[in-house]
Every structure is written in structure tokens, then in C-alpha cells.
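In what follows, chain A forms one complex with chain B and a second complex with chain C.
Now for the complex of A and B:
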């Protein structure tokens, strides 16, 4: 059974935006919203092509995609946490911290594979064990728990790096971040693989269904016998794992472990998650929406920058766009 | 009549009000007038539009077309308009500040709470005490509202509404969570408010309440006014005929079976004074748990279902379950229908299908860790059909269903796995007659197949309609355990109030307690 390509995916990629109105009407609301969002994105992109030369330049676009692959991966992980109700403030910190781990491990006789696996296991443990246990078992608020890691990890990173950016030479990570396979930059491939794997996990496994259930009504899920603690721990684990992968991409890209790496990316990723229709109240949203959210932010920023808007304004525009999008969503629901 | 103006001007005038929710027309050109000094009841099945009407009257929801006029001149377009005109809603689910005390909640918006810009707690407390009098004992004034029982919280809500000095009182299912004392207090309050010229509007499923209290009745069906008349013995018959077409038939009580004991709880203790030395339920038996709110009926249910840890043992068909572990209870074959549908059972933003399948471990639903979409669709459709969930659309968002259909979803979920034991806490709270009948039927059918059913019900009549045996709790202890055929509602009521009187003369005692 090729279940992955079944046409009735509740939140999967829609049929590439068929504009026939009747077909759009027949779609479930989430998919309709995403189709609309996708069309707006496409219109922005195509509409800017005649005016902005770079938007017609395939190499430039691919470079942009590769640059934002790391933050896309983080946003995909964050989607799991938001879906089950929560938010991981620390993804940027984990991303930077992973660089510190690489710095510690590289050149100490570990093979590249072992080093990568080690870093990712450590990152996952931060989410699944530290965040997961403190939030579920110790019943601490997710905001407080991840705020703590958000301040602890960058501090530890400075200790590890002695406060300065340290060059790291790792051919494996260099290839991962800057290589090309069949003419496609490897970060894009990494992001695509992560997307595919997480999409299957969220939409095609019993675990994925349970993530939505826990996010929609945690008590109902508990009383129906779902392992709610394990599900929450797994979601934070997935989120930190993704931040770890993003950390490897970032380190490979910079060629150095930097004490301030990653900070700020968590909010960019969260903006994309929310723009993509995933609700803070949990149980509603999709990875496809998050992908669209990132693409939208990237296209918007490029259009504005390339048409001469000073860079300082980009954040303001993105914030306003977020408010408008969520406001429209809110108004349509009432 | 001297107050001619008052007589001729309705307190609330509904002028061709329609309300549309997406494709659904919830109200369709409704014209109504509610006159001061009368109690009107709005009745109808779930989905008939009565909640929508009430929310429009309270200014919570704007009508799609038409308008509502308060006292002839003030259009009600928002909550502020409604409150300014003295129209106060008492919602079904209490909306109180749980951390604040009862008196703080009651005096929350009253000018009595302050002198100038400073709070005047003493005066506010005195003010609150006046309004709580007759509804709740004075001792509760200083308790945090969140620590009270659901029934008491509802009465606090009522006191808070009265503290706004309303002209029109809108009551949404006021008796749904009230215990028997609370119902008596509510009736007294409504009657005295009416005598003072107040207008009362009650939305209720309970026909009995309505006919006892109301002067006028409005029957809604599919968003239209079906009947709008005064309550007289003739109209009473008509109303009953209109509403009770789907009323369930009383089940034959089974007594003295020798079926094996499926559920055996021994030495259940702890958790605010719960103390049940032994409770057994046989295969195919329906045991109704009765008691006033706070008697421990819901705590006992939660303990049996594994939702809360207690001392003692719970065995299902000889297998001991870990108390406080839902998963251990589920593994032993216990299904639980929790009391609070919104907080603990329905996933409002998920599909009906997802709600039905929540926690099911039917092998047809999965292949290893992967979902079987085909199996899910098939099982979802089957459950929607066999439990008559309306509309029969598995993809519909569950929060958009009427309360009765949501509850059917919850019951279907619990029964779908063919459990050995079902623990249902208030399985028909806040649902209309036809959904109630369907839920009773489903529980009886499960029992007929050998499931042991434990049902907590706050309405004693319901237990007599549903159960084979009745267990009454008072203060955490079992005070009565008899087959339904061997007891009477009066005896049950007396026992639930802690009366130690002989069952021969319970009614005298009763009147004393209720007085």
C-alpha cells in the first residue's frame, strides 16, 4: 500500500493549487486555507519576477533556499511542539550549542558519522529528556523550562568556546552545508528529507494522530489511554533533534563554532509556523503550512530587500504580516 | 393594570431575527416578545436554535438579520447594550474567577465594592451576603469559588447575576448541574423575581422544570418557532406531545442474576473522604450511582476508571488494576465516560472520526506504527451510523455538533472497544431527550452483551429508567445499595441527603430537610 500518496491526506500537499473554484470549495478548511496561502505566495513570486532580476535567477533562488533550509528544519520540529500545545524557546540556543558540541568532538578521533550521531543524540536528549521530563513529570510550564535552556545553553556555549568564534574543520559538515548533489545544494536535500520523514510521522503514523489528539484535548487523550507524557517528550525530542540538524548545517556553513550562533532563529521559525496556520491552542496545523510559512517569509524579505527597502524594516513588515494573517484567520472563525 | 406602559412594552422584543453559521441557518425569522412579570421557557431539541437565540438576546452574538429590542427602545447589539438594559445571562458553564472568594465574585462589578477609588471590602461582603442568602449557606462566603462543587458554583453565578439588579434574567440550562437543594433554591428565586416584575427566560431540556415554573413556553424546531403560548393543562399536553416523541422507554430492571462478578472494588479509601469497603458489578448489570454533588459519586467513578489514585484494589474479571493508572484500567477492559464533556472528552477542533477513534486499539486501524486510513474511515463510518450521530459526517469538526451528538460520540468511543466495564459519569448531562434515549439504549445494549455498567447520574429518575441496581453515596460512603425494583425515588432522595430515617416514612424528613 502506497499510503503516503493517498489523495485524502488531511493536511498534506494539495493538488498543486487547482484554481477551479468548485474543487477548492470541496477541500477541507485547512487545505483550502493552505491552497489560498500557496496561491498568494505564487502570485507574489511570479508577480515580482518582471521587476526584480534576482527572482528570475535560479542560482540565486537556490542559494536563498539553501540559506533558509536550517531554519525550515527548525520550524518543522517546532510544529510538533506547537501542535501538542507548547513552544520551545530554546531551538535557536540548541542550534548554536550543537556547534559547540561539534567543536568539542571534532579532531578527537571520532569518525564523522559518529560525531554527527553523537551531536544529534545529545540535542534530542535536551528536548526529550530535559524539556520533556521537566514539563510533564515536574509539571513546570513549558515557557519557563525552555526559557531556562534558552539562557543556559548559550552561556555553556561561551564557556566551551571561551567566548570567541572558533574555526572548525569538518569535511563531512562542509559537504553537508555547502555541497551539491545532482546540481541541488545539499541543505535543500537535507530539509526535503527531514520534511518527508516528519510528514510521514505526523500524517501516517498512530503517533502522529496522537500528537493532534494530545494538542486538541490533553485530558481527553489521557482518559482515552494515550501515553500523553511520552507523546509530549517525543515532540520536544523531535523539536530539539531538528534544531540539532539545523545546528550542523549552520556550523558547516560558517565553518566555525560561534558563541552567538542560532539566537533569534527560534522566533523566525515560530513566525513561519504560525503563518502556516498552526494554532497556538494546539491540535490544528500542518508541516506543509510551516513550509509555506517559511517560503512566504523568504520571498517577502527578498522582494522588499531587492526592491530597495532598508534591511532594518524587514522585521517590522514580517510582524505586521503575522498580525494580519492571524487576524484574518480569527475574523473568519467568528 | 396601573403600569400600562410596562404591560404593553415587552422586556425583550425579537423582530424577525435570523442567524446563519456558514451554510447552516440556526435561526430563521424568529419573532417573539417576552413580557415583564412572566417566566418564559424556550424548549427544543439540540440544534433547534435555542442556545443561539439566548446568545443573541444576551448580546453575545449579533443576528445575521433582524434585531432585538430591550424595553421597546434599546436595540441589543452587544453585551454592553444588554447589560445596560438590565439583561443578564446566567450561562450553563459557570464563568467565575475561581481564585476569588464567593463574596468577591458576587460583588465583582457592583458599585458597593468601593468607596471612591478605594475598595470597601466590608461593604462588598455585606452586599454579597444579601444576594447569596437563600441560595447558599452564609459559611461559603469566604471560600474560594473554585473549591465549591459545580452545583454551588452555579448558585454563586446566579447570585452574581442577581447582584447586577437585572430586569431580565436569561437562564441557560439552569438545573443541569444543580443538585436537588439547588433546584429548590432556584425555583424560589425565580418566583420571587417574577413577583417583583422581573422577566425570566429559561432554556432547558428538562420539561418538568419548565412546566413547573413557566407561564409561557416557546418551542423551537430547526430555528423556527413551532409553538408560542401560555402554559395551560391543554398546551402542556401539546408541548409534551411535541417534545417527547423520542422519549425512551423504561428498561425492565433485572434482579438477582448469577452472572459472574466483573468489577470488584474493595477498600476504596482516601481522596477527600471516599470510603467504599466493597462494590461489585456483575456482567450485564447496570449499577446507578446516586448522591448529591460532593457526595463522592464522581470521585468513586474516577477511582474505578483508574483516573485518580486511591487506596484499595479494583479488580476487573480477576485482574487487579493499578488505581490511578488509566492505561492499566484500559488494558483490563475499563472504558470511562468522564463527567465534563468539554474539558475531558471531546476534542472540539478535531473531526468526528478522530474523536471516535481516540484511544481505540482495534487492529484494523493500524499496520505496525502506521495508520490504516482505510480501516479508520470504515470504523469511523460504522460508529457514526450505529450510534446515529447527526449529521452523519465523520469529517465534520466535532465542536460544531450539538451537545447531544457530541455526547453520543463520547459514548460511542467508550463502547466501541467492547469493554468489560464501562464507567459513565453523567452520561446524559445537558443533552436533549432523543440523545438521552439513544445513550440509554447504547448502555443497555452493551450490558445485554455482558458489559458491566456503572453510571453516575444526578437525576434519580434517570437511574430508575436506566439501572438495575442503585447505589447511593453520602459523604463518601455507601448509604444504600439495592435493586431498583426494591426501592423508591423518595428513599433514594432521603438516603442521598443523609437521612437515617426508616424507609417507611421518608417524606416527612424530606420536607424538613428541604424546607
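Now for the complex of A and C:
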């Protein structure tokens, strides 16, 4: 009889004689991979410190974390969609579109609180209702559905903004994006809260376990009586909600709604998700891995930019890093 | 369908209706009401009566392109010619280099009397230029792009615009300190303007630090500029002045300066200001905005087109576009939005 090992089960003692190595080997595969990834990230960061002065500057590092908090929130939401097998191509478009909604609602005299709730409800509805229903009920491919919104939303945004950047003043969003609490920039706090909430949802609730189950084998999950349709809709809803939060952060940060805002961020977020070890085929991955993926990309981008590397090469280097990281992961799993 | 789903649907529908009902004039309380756009009035008794001119525009919503189109329309309509405004956008509504040639071919097929193009790339438009020449239709372009054999060109004073911006910013910071330039995608006009800005900053007594060729906002939007500006502020903590190449980059640079806590110290200038930058100027976030005066570019080009349509033989005729105007906190009250300088009209986008 063949023994079946759960994806995250310890690999068992190897008896190498090195207690540290043995302990690492005893970790579940996902955790082992993330430990290794974390160590590479740390080595890269520490290794760059003597050469890049800004990597020793705590204020600069916090500024970078604050800047990338929005895309981290977006990537956390994307992790849910990828885990249940899918991909939301429209997250950057939702992020930008949220800016257009803020412009409209502020212009119509909505209070900050109502405006924020309205934007987040609308963003969630785009994911849960539009994407969710079309994918689950109309059985349209997730790529086609989200490609359509990726095209539609920027177009609507241009209509709303009449094609040009518009200044928007919202004290609440200004505080959310540019404030500080106990010396910590507020976008970092927002991202930390989103991370904590989503971590609990994914790791400590029945819904979270169901997301992994649907991603591992959708048909088996259906036969087991799981509400697969509702889970898929909820994952797309969470993803769009996160993109909406990212949109609020971006608008608060810029103080303007921009017709091209957000576009391109979806790929940055997906890169982080995949770098963090979440499998495109679903069922495996974690929010912590996504966090590591973002940190890796931020450190890499800063090292490349601040060390004076020609800008035109930076995208190529990031793409190669993604290929190498995912390739190594694939080879290791095979 | 369950109740939460219905609620979500109702909410999204309400928001969609709200969005659509805003129309195209915008509705933010912070904006002044947009001037009324009227139907085009073509003077049928003008010297160019019955003539049709095609303008191969960029994409909708670009303030400079729109200003140029309106300037062209104002002058040509007054002389009796009709202006058809077509965009260089593809089916995805994105700017597309290949579309210019297609638009030129369409204009040739319509037997228009003249074509005016805003080339996105000198090489990409070459087949269209050749086709127009073969068809005997005069073709004019904005920018003095080398190697294109056309009827006439309106040269942009990009280097001078950059130089004027740099010098004026240097004066604002007192002629002493460090400055740099945040550049963009390396097109001819951006490269010329950046080179001019570096000259102007130096001439104004500032030390130019950093490398503009490696400080490019390749995304061409505000968030892209914000990231590059963060790097600039981190690498040059003593920076006093920053020139950016376009309007959105000013927004991004201001956000970065705010985040880095240097907005009170670093003076930021844009070499291509739009209305949004005027609000930043008024609030003190921006030190200087160079106003192209895009409508004047359009009027100047219309004059060149009219000369050819009235029978003057032109070949590679180069006319210099008028210089723009610099706005600072001292004269921002004098700024008049472009749509208030001339009457904007509804432009036909089909033949």
C-alpha cells in the first residue's frame, strides 16, 4: 500500500547528523520553501547594505514599505483567487477605477465614511457578483471574464475623469495614505490589518480550509458537498475588495484620480504571489509567501534602481528572477 | 438568487448609474464647471470653403492634443474648412504606432484636401507620409522630425521650453543648491526638453546631480513618477529643485516629496503643465508650471495649412511654434484655462 502524504506534512527525519538541517528538513514543504526564500531575501538585503546606503536608512525602508503596501494588499487578495485556481487580471483596473469612484462621490458631497464604504462595496461587487457569477453561473473562463473588466474599467474611468487627471481632496484618505501612528506610516498599518484579517480567514476558518480544498480538486470538493460556487464568488470578492482598498491608498497618496492609475500593478502582484510559492494550479500557497514575494520584489527593485543599473534592464531582471524562482520550485517538486 | 447577492447587484447598479450620470464634464466639487462646448461654426464664405482637413490626433483626453485640435479647428473653420479629428488609438483604445498610417490611408480614400498628423514615432509614420505624397495630398506634422519629407512642420521649441523652466526654477530657489530632472520615455521632444532643463538649471547657478537618462518615468503616469522621485530624494537628500517632464509626473513627484517630508524644501517644476498643475501651484505644492499654450500650436499649424491650400508651393517648410508661458505662485492668478482662451467646439471624428 502506498502511503499518502498531505502537502504540508513533515517530510520525516532524515538523519543527516546536522540537527539544524534535520530540523529544516522536518518542516512541512511549504514552510521549508518559505524559510529558504526568506533566507535568500535576508541575504540579499543584508548583502546590499554596504553598497546601497538607502538600505541602511530605516526611514527610507519604511517609506518603501508604505509605498508598496497598496500592491501588497492587492497581492493578498489575488492569493485567494490563485489558491482556488484562477487569476484576476483586473485588480489593477479595479484599483484605478476606485479612484474614479472616489472622485465622483467626493464631488457629489458624500462624507468620507460613506464614500469609503461605497467604494469598497462597489469593488467587492465587481469581484463577487460580476466576476463570480460570470465564472460560476455562466461558466465563462476566468481569464476572459477578468480580461473583459481589465478593458472595461479603465475605459469607464476615462469617461468619469474625462480622460485627464483630477485632483481629489479627502482628509480621510489623506490620513489613511500619508499619516503616521506611533511612528509607523499608516499604509503599513492598513496592510498589516488586512494581512491579519485575511490570515485568520484563510487559516482559522472553515471557509479558508474550503478554499484550499476547492483549489486542490474542485470536483472532489463539489462531491463532498462544499459550496464551490459560493467559495469562488467569495474569493473573487475578496480579491476585488483588496484591489479597492489598494485604490483608496493610491488615491490618498497621490491626491488625484488618474486615468491610467493601477494598470500594470496586477502583474506585479501576481509575480509576488507566484514568487511566494502559491501554485498557479491552486491548492497550495500562503499569504505569508505572498508577503515574502512582495518584500523580495521591493528589495530587488531598490537594489537595481539605487545601484545605478540602467532602468531599461530592471524589468528583464525581475522577469528572469520570477522564471528562476518558479523553475527551481517546480524542479524541486518534480 | 439569494438576498446578499441581490443587495450587491443593486449596489453595483446604483454606483454604475451614478457613474454614468456624471456625463463627461466631471463633477468633483473641487473643479470649476467646464466651459460649454458648442457646435462648430464653419464660415461658408471663407477662402477655404469646401475644403476638408484631417487631423490625426493622439488619444481622447490628452489636454495638449485636444488644445491643438481646437486651435486648428478655430482657425480652419473661420476660413471655411472642415476639420475631421481622428485618433491614433486601436480597438483597445490604446495609443498605437501603427494606426497613424491607417488613418492617413483612410484620409486619402476620402480625398481630403490636407492631412495634419501628430506623429508618435518618425519611423512608424513613414509609409503614410509616402502614401500621401503619392496621392498628392499635402501632409503636415507637428515637431521637426528629421528624415520625413512632408509639406510642412511645426517645430516645437522643446529645448527652449526646458531651458526656460530650468532657469526660472533656479531663480526661485535662489540660484544656489542641487537640482535634477525626472525624465520620461526617450522621445525626441522629451529628450530635447530634458537637455534644455539641464542647461537652464546650470545656467541658473544650480549643480545638476543624478542622471536624467536613468531617472525616467517609463510608465508615464503619476505612480510611476512617484517611485522614481522616491529614489531621487533618497539618493540626493540635499536636493533643492526638481524639474519633471510632464503633468502627471508633477503629481507623482509631489506625492513622493510629501512622503519623504521634503515638500517644504524641494521646489518642483513641470515642463508641461495642465489645469491639475495649476491647482497644485495655488496650493503651494508646485513651484512652477510651464504652460504650452496648446491652442496656439493648433492656430499656428492652421496658418501653415491654409498657405498650402491657398496655392502656395511648400516643401518641408518649418515654422517655429510660439513659446509658452511660465506660471509661478506670483502670477498663477493670471492663468486662463485653454478652453476659456478660445471657444472649444464639437469636432467631427468621422467623414
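Here are some notes:
FYI, the second predicted complex is superposed on the first by the 313 of 334 C-alpha atoms of A that agree within 3 Å, B and C clash if a C-alpha of one lies under 4 Å from a C-alpha of the other, contacts with A are read in each partner's own complex, and residues count from 1 in each chain.
Everything below uses one rule, namely that a contact is a pair of C-beta atoms (placed from the backbone, for glycine too) under 8 Å apart; a residue touches a chain by one contact, two chains touch by 3 or more.
For clarity, every value in this text was computed on a predicted model and none was experimentally measured.
Look at A:207: by the touch rule set out above, it reaches chain B but stays clear of chain C. By the document's definition of touching, neither partner reaches A:327: not chain B, not chain C.
Of the two partner chains placed by superposition, only chain B is touched by A:220; chain C is not.
One of chain B and chain C touches more residues of chain A, and that partner is C. Of the two partner chains placed around the shared chain by superposition, chain C is the only one that A:122 touches, whereas chain B remains out of contact.
Looking at the shared chain after the overlay, A:284 reaches chain B, while chain C stays out of its contact range.
No residue of chain A is contacted both by chain B in one complex and by chain C in the other. Note for the complex: chain A touches chain C at residues 54, 57, 60, 63-64, 66-67, 100-101, 103-109, 118, 121-122, 124-126, 128-130, 133, 151, 155-156, 158-169, 178, 185, 250, 253-256, 258-262, 264, 302, 305-306, 308, 310-312.
Residues of chain A touching chain B in their complex: 1, 3, 6, 8, 10, 28, 204-209, 212-213, 216-217, 219-227, 279, 281, 283-284. Contacts from chain B toward chain A in the complex involve residues 305, 307, 326-327, 330, 336, 338, 343-351, 354, 357-359, 365-367, 369-373, 395, 413.
Put simply, chain C touches chain A in their complex at residues 5, 8-9, 11-12, 15, 18-20, 22, 24-31, 34, 59-63, 92-93, 211, 214-216, 218-223, 226-227, 230-231, 234-235, 247-248, 251-252, 254-255, 258-260, 274-276, 279-280.
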